[in-house]
């Protein structure tokens, strides 16, 4: 029992202290741009749990979900193709190195030109950024398939889709998951950026509107909400990762149950 | 059943030509248990990979019941030395054994029966739901053997399968493989560097020279069929045969160094 | 042979972009052919304004990276060496790390307007975490046996950091710097683009508002090349710094 | 400054920013001209200040001006309040919102007014040639592009919709910089745009047509924008403020009386083609702020929910 208490104690101690410091340091503040934390928290519910939840938070998350999903599928598919074929890899490598180096937000103006200012553009922006970490990690993962396992598959004539799944994808999955985690943090950034350009809905859009409307406490609450969203998504990701890679973490830490 | 005729294999690496196999010819009759032994680095694994259709020979042919082997043939299974790396770490034991059957399109009911029987045969009846990394080395190799049994191959090739396990486990696995061989009537080609193991297990022992590899001698083992670690290894005939093979391998090593 | 194929890949992509607008697949007002982009790029490199922007971007990028690395290493070692402190701060680090740095944009714009300071805060914030995480992993990687031996020889805390913690953590620090460099460049150009502080990002924004589409594409190509150069440079620096070190550096999943 | 202390407490990064510090206007040495930075938007409305500088109205009053360009009033207000700029140009609605939210802003001079003539204003609500939209009321459920939201553009457009008998709450707005609006309209990504010159000409050139002069609908002879400063500067340097107001008044009347010079000066700070500049409809530049129009704007902004409470117009205006 004390183990858990200690762990929770350690986990909560500093955050609680920091929040307290922020609360009291800003308590008396009349500085327009540093409103008291109490005011920000007071404003939080009716700013975000109101109609804005459906008008801004939901569209943002849906676009992130679609963009991230498409990037994941495309990244893995392309990664498998490139990783498993030496010629294709040689042809595409320098091109990928260049496209990967372009800072994703820079593509926003171009995508506005090509895809307009609607949701398609925002989803494309997210895909254009999330694709690379997944693609490149998948390529590394495919190349790291164990030759003995590959021979086993050949001997037992495990071929076609079953081979792709059981040999290639499953053995590359630890690297693919690493790529997926990096892609998630890029995705959130691009979700916000794409809403700062030409938007009529979304979290990034809402925070900018608060800024332009000089409603600073609401703006702060938006920034905090974005932070919480980032944290929540990374926690969710870790949970999914543990389920998907249970075998991997197990094999790395050595046999425990037996 | 499995015939190797004038097998010749050269590795043409960047600027290095390695003649792994010079000229090998031998045959493995159906249902027999043949061991292959030779000095380390004499191309034993290359030979096995050619027989399994995983590696194309530079010249010469391998035929399995008449048909030339160009790729991994049907009805042939292999047990590799690195057992840990030949099992799917993300599949439970039962699924590992079941996968080749699913790939071959065997019906679900038959598959469940085959998997159960194979795991029972190797003494892992209670490990169905475990993951490979949760098992000891010896038990992981048992899973690999169970997978081979369930696949019901006509020929089973083993590439130094017990080299990476401790002595006691090796003895159990040796007895297990003999028992499996007798029970399922398979043809076995067993490659090893352990002379005692070759003589204890095989009906015949083929001794190879160092590279470029040729057959040094093809020695029938006339020990009784019923074998066990104590009596067989104590039998003077066993020591005599073992000495014969040992001398042949020493000779081959000397030749290797001088040529 | 590989290089030939690689070049073929690039040329193929260029040709594709050349043909698409010409053949009417995409209207050339929005996707100018590669030749026009390259011509505009050549023109731009002739103007001093272009090189000023590149200089601004590089300065902001390197300054931000420097601050981030300095802070990251200092805080990393401070938090990492003392196990109690490390455990107490772990949750805070895990809380602050995933906060997207772009969330700070409205804040910094309000505080510092569209000046370099705003972009710097973004760059430092994003790059800091990359360094901190790697440094803390590096410090944690110190072999406990080595630490105990050092203590038995009476090495003080500072000496231990100098002779034991630092060499072990160095490979992680270098990896952290490489990851931070990439993130820093992205945030630098993003800051310039969205906030408007001087640099390549702002050049792209200006090109966009004045409808100079080929210039927009040309400048995007430049940011890509800058990114490639940054990656090549940091990898080369990493090899040089670690050439003496048996490559047991493990890139911890950032 | 207390702000840096607060910043210091917040997060390690703001620590870094505290180290960089914010640059405020340094007090000029006696006899030296006041070094002043003014935040402006690169559109037609700020032609008078450019003319004033060219004509030396500011030099005569010991004011050395540098102009910084920004996206819109909402970006300039914080810069003036934080002291990064000493004066700024912004539309009236942004200023009304800022002061009602408690920001210490004060108008020091008028900016520009609409022509007051329906159909011939320097800004218009426009649609594509073949668009089914005939009047502003048809905008219900449609999307209108505005350079920044919660400013005079969306307030006036809502008034046009109201005047045409439509329900403004059913109109959706998208924030889109002026230069992107003609392309967005042409490609159908937005159903209507509200553009000022020179972008009005760009839309006309592509066959767009105006359906309303929203600035005229909002209030007669509407004061669209104004120059403002912070209470801080008014307290620290009232003399500078009065000199700036006088210089601006002179610049405004000069601009009103020299339309052709307005056109030439525009070419210097925008990338508009000369032949387009000839056809521009210019706003009017009266030196005095039209107080009733600002009061109407305040009521409209309150009605549209942009203001949380009624704005104190007199506190804002000079």
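Letters are used for the chains, namely A, B, C and D, taken in the order the chains are written, and counting of residues starts over at 1 for each.
One rule holds in what follows: a contact is a pair of C-beta atoms (placed from the backbone, for glycine too) under 8 Å apart; a residue touches a chain by one contact, two chains touch by 3 or more.
Remember, it's a predicted structure, so these values are computed and weren't measured experimentally.
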Chain pair that, of all pairs, has the most C-beta pairs in contact: A-C
Farthest chain relative to chain C (centres taken as mean CA coordinates): B
Chain nearest the overall C-alpha centroid of the shown protein atoms: A
Distance between the centres, which are taken as Cα means, of chain C and chain A, whole angstrom: 18
Separation of chain B from chain D, taking each centre as the mean of its C-alpha atoms, in whole Å: 85
Distance from the mean Cα position of chain C to that of chain B, given in whole angstrom: 53
Distance between the centres, which are taken as Cα means, of chain B and chain A, whole angstrom: 48
Junction residues of chain A - those touching two or more other chains: 33, 113, 208, 211, 216
Per-residue overlap in chain B, given as positions that touch at least 2 other chains: none
Residues of chain C whose C-beta touches two or more other chains: 96, 104, 109-111, 208
Interchain contacts, given as pairs of chains that touch: A-B, A-C, A-D, C-D
List of chain D residues in touch with chain C within their complex: 3, 7, 11-17, 20-23, 70-71, 75, 78-79, 82, 84-85, 177-180, 183, 271
Partner chain A, residues of chain D touching it in the complex: 2-3, 6-7, 9-10, 72, 74-75, 77-78, 81-82, 94, 97-98, 101-104, 143, 148-151, 172-176, 180, 183-184, 187, 189-190, 306, 308
For the chain A and chain C complex, residues of the former touching the latter: 10-15, 18, 33, 87, 90-95, 97-110, 113-114, 178, 181-182, 185, 188-189, 192-193, 196-197, 204, 207-208, 210-211, 216, 219-220, 222-223, 226-227, 230-231, 233-234
Partner chain B, residues of chain A touching it in the complex: 146, 148-149, 151-152, 154-159, 162, 166, 170-171, 173, 247-248, 250-251, 254-258
Touching residues (chain side chain C, partner chain A) in the complex: 1-2, 5-10, 12-13, 26, 30-31, 87-92, 94-107, 109-111, 185-186, 189-190, 193-194, 201, 204-205, 208, 213, 216-217, 220, 223-228, 230-231, 253-254
